[in-house]
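Shared chain: chain A. Partners: chain B in the first complex, chain C in the second.
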Partner chain A sequence: MASSSKTITVVSSDGDEFEMTMKAAEQSKLITHMLDEFGVSDKVPLYNVNSETMAKVMEYCKKHADHEAAKEEDGGAAIGAGGEEELKKWDDEFLKVENGLLFNIILAANYLEIKSLLDSSCQAVADMIKGKTPEQIREIFNIKNDFTPEEEAKLRSENEWAFQED
Partner chain B sequence: MANSSASKLAKLAPTQEESDRISNLPDHLLHHTLSFLPIKQAVATSLILSKRWALLGLAMPILDIINSAFPLLVSFIQFVDAVVFLSDSKTINMFRLKCQKFIVPRFKINLWINAAINSKVQHLELCFANFNNDVDLPTRLFHNSTIMVLKLSRVFLNAQSTVNLPSLKVMHLEKVQFKSPESAANIFNGCSHLEEVVLKCEHLSGTSKIRRLEHLVSAELRPPHVRLTAFSNVRSLRFVEDWWVPHKNAIPTFYNLTHLELSWIITHDANHFVECLERFPKLEALVIHKEKEDGRRNA
Partner chain C sequence: MRVNQVETSGDEHGSSILDLARADITESSTKTRNCAACPGSGSGSGSMEFQSPYPDQVLENVLENVLHFLTARRDRNAASLVCKSWYRAEALTRSELFIGNCYAVSPRRAISRFTRVHSVAIKGKPRFADFDLMPLNWGAHFSPWVAAMARAYPWLEKVYLKRMSVTDDDLVLLSESFPCFKELVLVCCEGFGTSGLAAVAGRCRQLRVLDLVESEVEDDEVEWLSCFPESQTHLESLVFDCLEFPVNFDALESLVARSPSLKKLRLNGFVTTSQLYRLVIRAPQLTHLGTGSFSASDAVAAGDQEPDYASAFAACKSLVCLSGFREIFPDYLPAIYPVCTNLTSLNFSYANINAEQLKSVICHCHKLQTLWVLDSICDEGLQAVAATCKDLRELRVFPENANEDTEGPVSEVGLQAISEGCNKLQSILYFCQRMTNAAVVAMSKNCPDLVVFRLCIIGRYRPDAVTGEPMDEGFGAIVRNCTKLTRLAVSGLLTDRAFGYIGQYGKLVRTLSVAFAGDTDMGLKYVLEGCHSLQKLEIRDSPFGDEALHSGLHHYYNMRFVWMSSCKLTPHACQEVARALPHLVVEVIRSEEGRSVDDTVEILYMYRSLDGPRDDAPQFVTIMQ
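Entry: the complex of A and B
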C-alpha cells in the first residue's frame, strides 16, 4: 500500500492537470485500477471529465479521504454519529450547483466508479423531482413534452394502475 | 495515451442552457436516480414526462414496493402485477416487497417471486405482517445462481432437500419459521459463499448440522439459540439479545474476530466471561450496549 504522502496527477479533457493524494485517489475504483495497471509515475488521463467537473471531484475525494483517515486514527471511536452527519451536510452543500454541473458530476462519478458520489448526486437530482408535478419537473429540467394530448390520454388509460391516487 | 474508456457515456456539450440535458444521461443513471424516489411517483411521473422517460418508467430494474403506500389491496396488487409482468427490463436487479398492511393472497406472492426469479433477480427482500405468515416460498428460490442478497421476514421456509445458492453473499432471516428441523441446516449448507448473516429466529433447530461458513465476515445472532461453530470464521459478531455466558468450552474459537458487540452479559461469575474472551484471540473492540448506554473497551 502506498503511503498517503504520495501524490498522483490526473489530466482532464481540457488538458489541465490535477494532483491528488493516494488516499484520495483510492476513492475512485477506476483510478485505483489504472494505477495498478500502469503505475504511479505516469499521468492518469481522464479524458471523459472536463476541468470544471474534475475540480469538484478532486474536492470530494479529498474531503472523503480526510474523513476516512480521521476515522482510522482513533479506532473509529470519536467520529461517531456526529461525524457522519457532518459529512452528509458537507455533501449536501457540495452538490448545490447548477444542473449542468450536477449531471457532469453524476457522469464523472459513474465513470470514475466513486459509488458514494454517484449515490449522493443521483439522490440530489431525485430530491429535485420528489413531490413535484410533471409540469414542474419539465420546467426545472427543460424537458420537452413530446406527447400529443391524445397520446397522453391513451397512455394514462392503458396504465391506470400507475395513476391511482391515494 | 489511449483513451481508456471507449465510453458509452455522452460527453455533454459545454453551454446550452435551453437544452434538456437530464434526458441525455444514459438509461442506467436515470434508473439509478429514479430508484431514490418512492416507486409510485417514479413510475407515475416518468410515464407522462416525455416519450423517453415513459420507456424508462416501463422498464424499472429496481422494484421497491411498500404496500402502505397504496390505499386499497386491489390497487396494490394491480401495481405490483404491472411492474413485475409488464416490465421491459431484462433483469430485475432488486425486488423488495413490504406487505404489512394487507393480507396478500399466497398465490400472488408466489407468482411475483417466480417472475422475479425469471428476471434474474439479484436482491430479494420479503417482509410480511404476522397475520400473513402462511407465505410459503417456492422451491425454485432455493436453486438459484443469480441471487446475491436474500432478506426474509415472517415467512415459512421449507427446505427439505439440498439447497444450492452459490452466489448468495448476504442472508437476513428474521422471525422466519422453518417447517422442518433440517430446513435451517439445509439452507445454510447450500450457501457456502455467505459473507454476511443476520439470524433472528425462534424455534431454530439443527444448527449443529450447519457446516462452517468459510467466507463469513459478519454475523448477527441470538445466542444461545444457535450453535456458533458454523459462524466462527467471522471478523465481526453481534449478539442481539442478552448473553448468558456459557462455559468457555461451549463456544468455538473465533480466530478472525476483531469486533464483538453484545447487548448485555449475564453471568454468576465474572471470570466465566473473562475466560470466554480467550476464544476471541484477535479481539480489538468490545462494545456492550445496556439500553441506551454504550460501554467501550479495547482488548
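Entry: the complex of A and C
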C-alpha cells in the first residue's frame, strides 16, 4: 500500500481536479476500492460529484484523516478527552450549509461510501424535520403534495387514531 | 412533465433531491431533474446544476437513511404525510410500532403498513380496569396480535404490553417465533402463568429484559427460573415483584450469578431478607433493586448473628432506585443508609413506616427525584421530605387504609409543606381524607412546573376541611397557574364552577379523571366544550347524564377514549352517539353481577376505531349501533 504521504487526484463532474492524501482518501470506501483495483497513478473520476460538493467532501475527509492520525500518534494525547466531542462540534458546523449543498453532500457521501459523513448529514436533515408539520416539511424541501385531500385526511386519521399516543 | 418547475424556480432551497414524488410522475427522470435545477435557483454557482444520474433507488435509499434518524412518533407521522414516496419510505423505516388502543386498529392493517418492525408496544384496557371496575374477560387479547406478528415480523426484538390479556399459548408462540427476541415487558397484564414464563426463559436465548409489573400471574407450579439457559445469560433486567407465590431461590441465585449484565432486579415478597443478602453480594453492579419482603428473618427471633446487610448495600455503588419493602422490618432500615445519598428513586409504597422511621432514611436522600410512600408517614414525614428533597419531581402518597371514616394521617398540612419545599415538582398523586383550597392554591403557585396533578380526597363530596366550601377554587387555581398541566384528577365537593375553570383554563389537559364528584350536566359540558386537548376522559360515580354526553359529539373523534361508569346515562343516549359517529365504538358494559335494569348504563366505554367494532366482545358487552 502507498504511504500516507502520497497524494491522489480526483476529478469532479465539472472537470476540476482535487488532490487528497491517501489517508484522507481512505475515508471513502469507494475511492479505496478504486485505488486497490486501478492503482494510484491515474486520476480518479468522480462524475457524480460536482466541484462545490467535492470541495466540502475533501474538507471533511482531511479533517477526519487528521483526527485519526493524531489519535494514532500520541495514543490520543494530542486529542485529549474532549477530542471526540470537538470533532462532533466541527461536524455540526461543517454541515451548516444551505439545503441544496447539504443534499448533495448526502448523495456524495452515499456514493463515495463515507459512512460517518452519510450518517451525520442524514442526521442533520432529520433534525430539520423534527417538530415540523407535513406542510412545513414540504416547504423546506420543496416537495409537492401528491395526496388528494381525501387521501391525506384518511391518512391523518389513521396516524392519529391508531399509531400515535403522547 | 415539469410539474415542479414552477415551484423550484426562484426558490433558494430548491431541493429536488428529496422530492421523490417526481420519480413517480416522470418518464425520463434525469431530464426532469436537470430541468428543475434551474440556473438561479441555487444559492451559488453549481449548487443545483449537477447531472444527477442517481437512479430513484438511490434517492429512496437516501430518504430511508434520513428517516432512520427520525425516532419520535409525531415526527414519523408527520413525515408519512408529506407525499406518497415519503409515506412509503417512512413505513419501511418505522422500527418501533406503537398501538395506543388495541381495538382502534386491526393487526392486519398495522402489519401491512409497517413491514420492518423490531419493537411493538400495545395498550389494551382502560385504566379504570385496574380498580376492578371492568368485568373479567372483557377483551384486549394479545393472541391475534402475536399470531399476526409471528408471520410478519421475524426480526421482532421487543414487546411491551399494558393492560392486555395474555395467555400461556401467546407466550409460547412468542418464544418460538422470534429468534432475536430480547425484551418482554408486561404491565398490568393477566391471563398467563409460570408455564408461559418458562417458555420465554427457555427459548429466548437473547433475552435481556423480562419485566412483570403489576401483572397477575398464575402459579402453574412450573419452575420458570430454572428454565433459563445454563450458560451466562444476557439478562439486564429481571422484574417479578408482582408475583404472589414463591420462586425457586436456588435457581434465582444461580441465575443472578451467571448474569453479569444484570442491572435491574426486583424481587417479590416471598424472597426473604437473608436471601436478598445472598443476591446483593453477587450483584453489586445493580442500579435498580426491589428488595422483596425485607421482613425480619428467623435469625432475629433466635437472637442469632445476622449477615452484614449494610455492607452488602454499601457495595452497590451504582444503586439509584430502591423499591420493595413488602413486609418491612423497620429495624433493618439502617442497612440502606449507605445507598441513600445516590438514590434518585425510592418506592416505599408498601412500607408502613412512621414519620420517625421515614425521617431516618430521607435525611440522607438529597438527590431524590421520585418518591412513593404510604400515608403512614403522616404530615410530619412529608415535612421531612420537603426539607430535604429539593430535587423532587414526582411524589405519590398512597393510603394505607382507604377508609372514609377516619381523619387520615396526611392532610393539607403535608401538601402545603411539599409545595413549599419541592418547587421543582412535576407530578403528584395524593390520597388524603381531608384537604383545603388554601393548600391546593399554594401548590399551584409554588410548583409552576406541575404537569400531573391528581388529588384523591377519600370520601364522597368532601368540602374544604376548614371553610366548608367546595374545592372549586383549589382546582381552579391549579388549571389557571400550572400552565404545563396535561393530566388532572379531581375529587371532593365540586360544583359546576370547578369544571367551568377546567374548561376555561385547562387547554393543555389531555387526561381528566373524575371520581365521586360533580353537580349538574353543565360541568361535563364545560369540560367537553373547553378542553380542546382532551384525549382521555374517565369518570366514575358522578352525576353526569345524557345531555352532558351529547355535548361532546364534536370532540369524541379527537379523543382516545371516554369512560363513564355509575353515572346517569341511558342506553338511548349512548345509541344516539353511536349513530351520530359511525367510527366510534360505543360499548355499554354490564358488570357481572348483571343488574339488567334497562334504562341505566353501568359502564360506557367508547373509542374511535379504523376497523369497526371488534368481533370478540363478550356477552355482557353491547356495542351500540
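Here, the second predicted complex is superposed on the first by the 152 of 166 C-alpha atoms of A that agree within 3 Å, B and C clash if a C-alpha of one lies under 4 Å from a C-alpha of the other, contacts with A are read in each partner's own complex, and residues count from 1 in each chain.
Throughout what follows, contacts are C-beta pairs under 8 Å (C-beta built on N, C-alpha and C of every residue); 3 or more make two chains touch, one makes a residue touch a chain.
On a predicted model such as this, the values are computed, not experimentally measured, just so you know.
**Q** Both complexes share chain A, so when I overlay them there, do chain B and chain C fit or clash?
**A** With chain A as the common anchor, chain B and chain C collide in the superposed model.
**Q** When the two structures are overlaid on chain A, which partner does A:M34 contact: first (chain B), second (chain C), both, or neither?
**A** The first partner, chain B, only.
**Q** Considering only touches as defined above, state whether A:D14 meets chain B (first), chain C (second), both or neither.
**A** The second partner, chain C, only.
**Q** Just to be sure I read the superposition right, which of the two partners does A:F163 touch: chain B = first, chain C = second, or both, or neither?
**A** So A:F163 meets both chain B and chain C here.
**Q** Of the partners chain B and chain C, which touch A:A70 in the superposed model: first, second, both, neither?
**A** neither
**Q** Return first, second, both or neither, reflecting whether A:I137 touches chain B, chain C, both chains, or no partner chain.
**A** both
**Q** Would you sort A:S51 into first (chain B), second (chain C), both or neither based on which partner it touches?
**A** second
**Q** Superposing on chain A puts chain C and chain B in one frame; which of 22-30, 76-84, 454-462 or 598-606 is the clashing stretch?
**A** Between chain C and chain B, the clashing stretch is 76-84.
**Q** Give me the intersection of chain A's contacts with chain B and its contacts with chain C, in residue numbers.
**A** Common interface on chain A, chain B vs chain C: 13, 47-48, 50, 99-100, 103-104, 106-107, 110-111, 118, 122-123, 125-127, 129-132, 134, 137-138, 141-147, 152, 155-156, 159-164, 166.
**Q** If you look only at chain A, which of its residues touch chain C in the complex?
**A** 13-14, 47-53, 98-101, 103-104, 106-107, 110-111, 118-119, 122-123, 125-127, 129-134, 137-138, 140-147, 152, 155-166
**Q** In their complex, what parts of chain C are in touch with chain A?
**A** Contacts found on chain C: 3-4, 7-8, 11-19, 21-22, 24-25, 42-54, 58-59, 61-62, 65-70, 72-75, 77-84, 86-87, 97-100, 104-105, 109-110, 123, 510, 535, 560, 608-610.
**Q** Quick one: in the complex, what on chain B touches chain A?
**A** Counting only chain B, the residues touching chain A are 1, 3-5, 7, 9-12, 14-15, 17-25, 29, 32-37, 40-41, 43-45, 47-51, 53-54, 57, 69-71, 75, 78-79, 81-82, 284-285, 296, 298.
**Q** Give every residue of chain A touching chain B within the complex, in rising order.
**A** 13, 34, 42, 45, 47-48, 50, 75-77, 99-100, 103-104, 106-107, 110-111, 118, 122-123, 125-127, 129-132, 134, 137-138, 141-147, 152, 155-156, 159-164, 166
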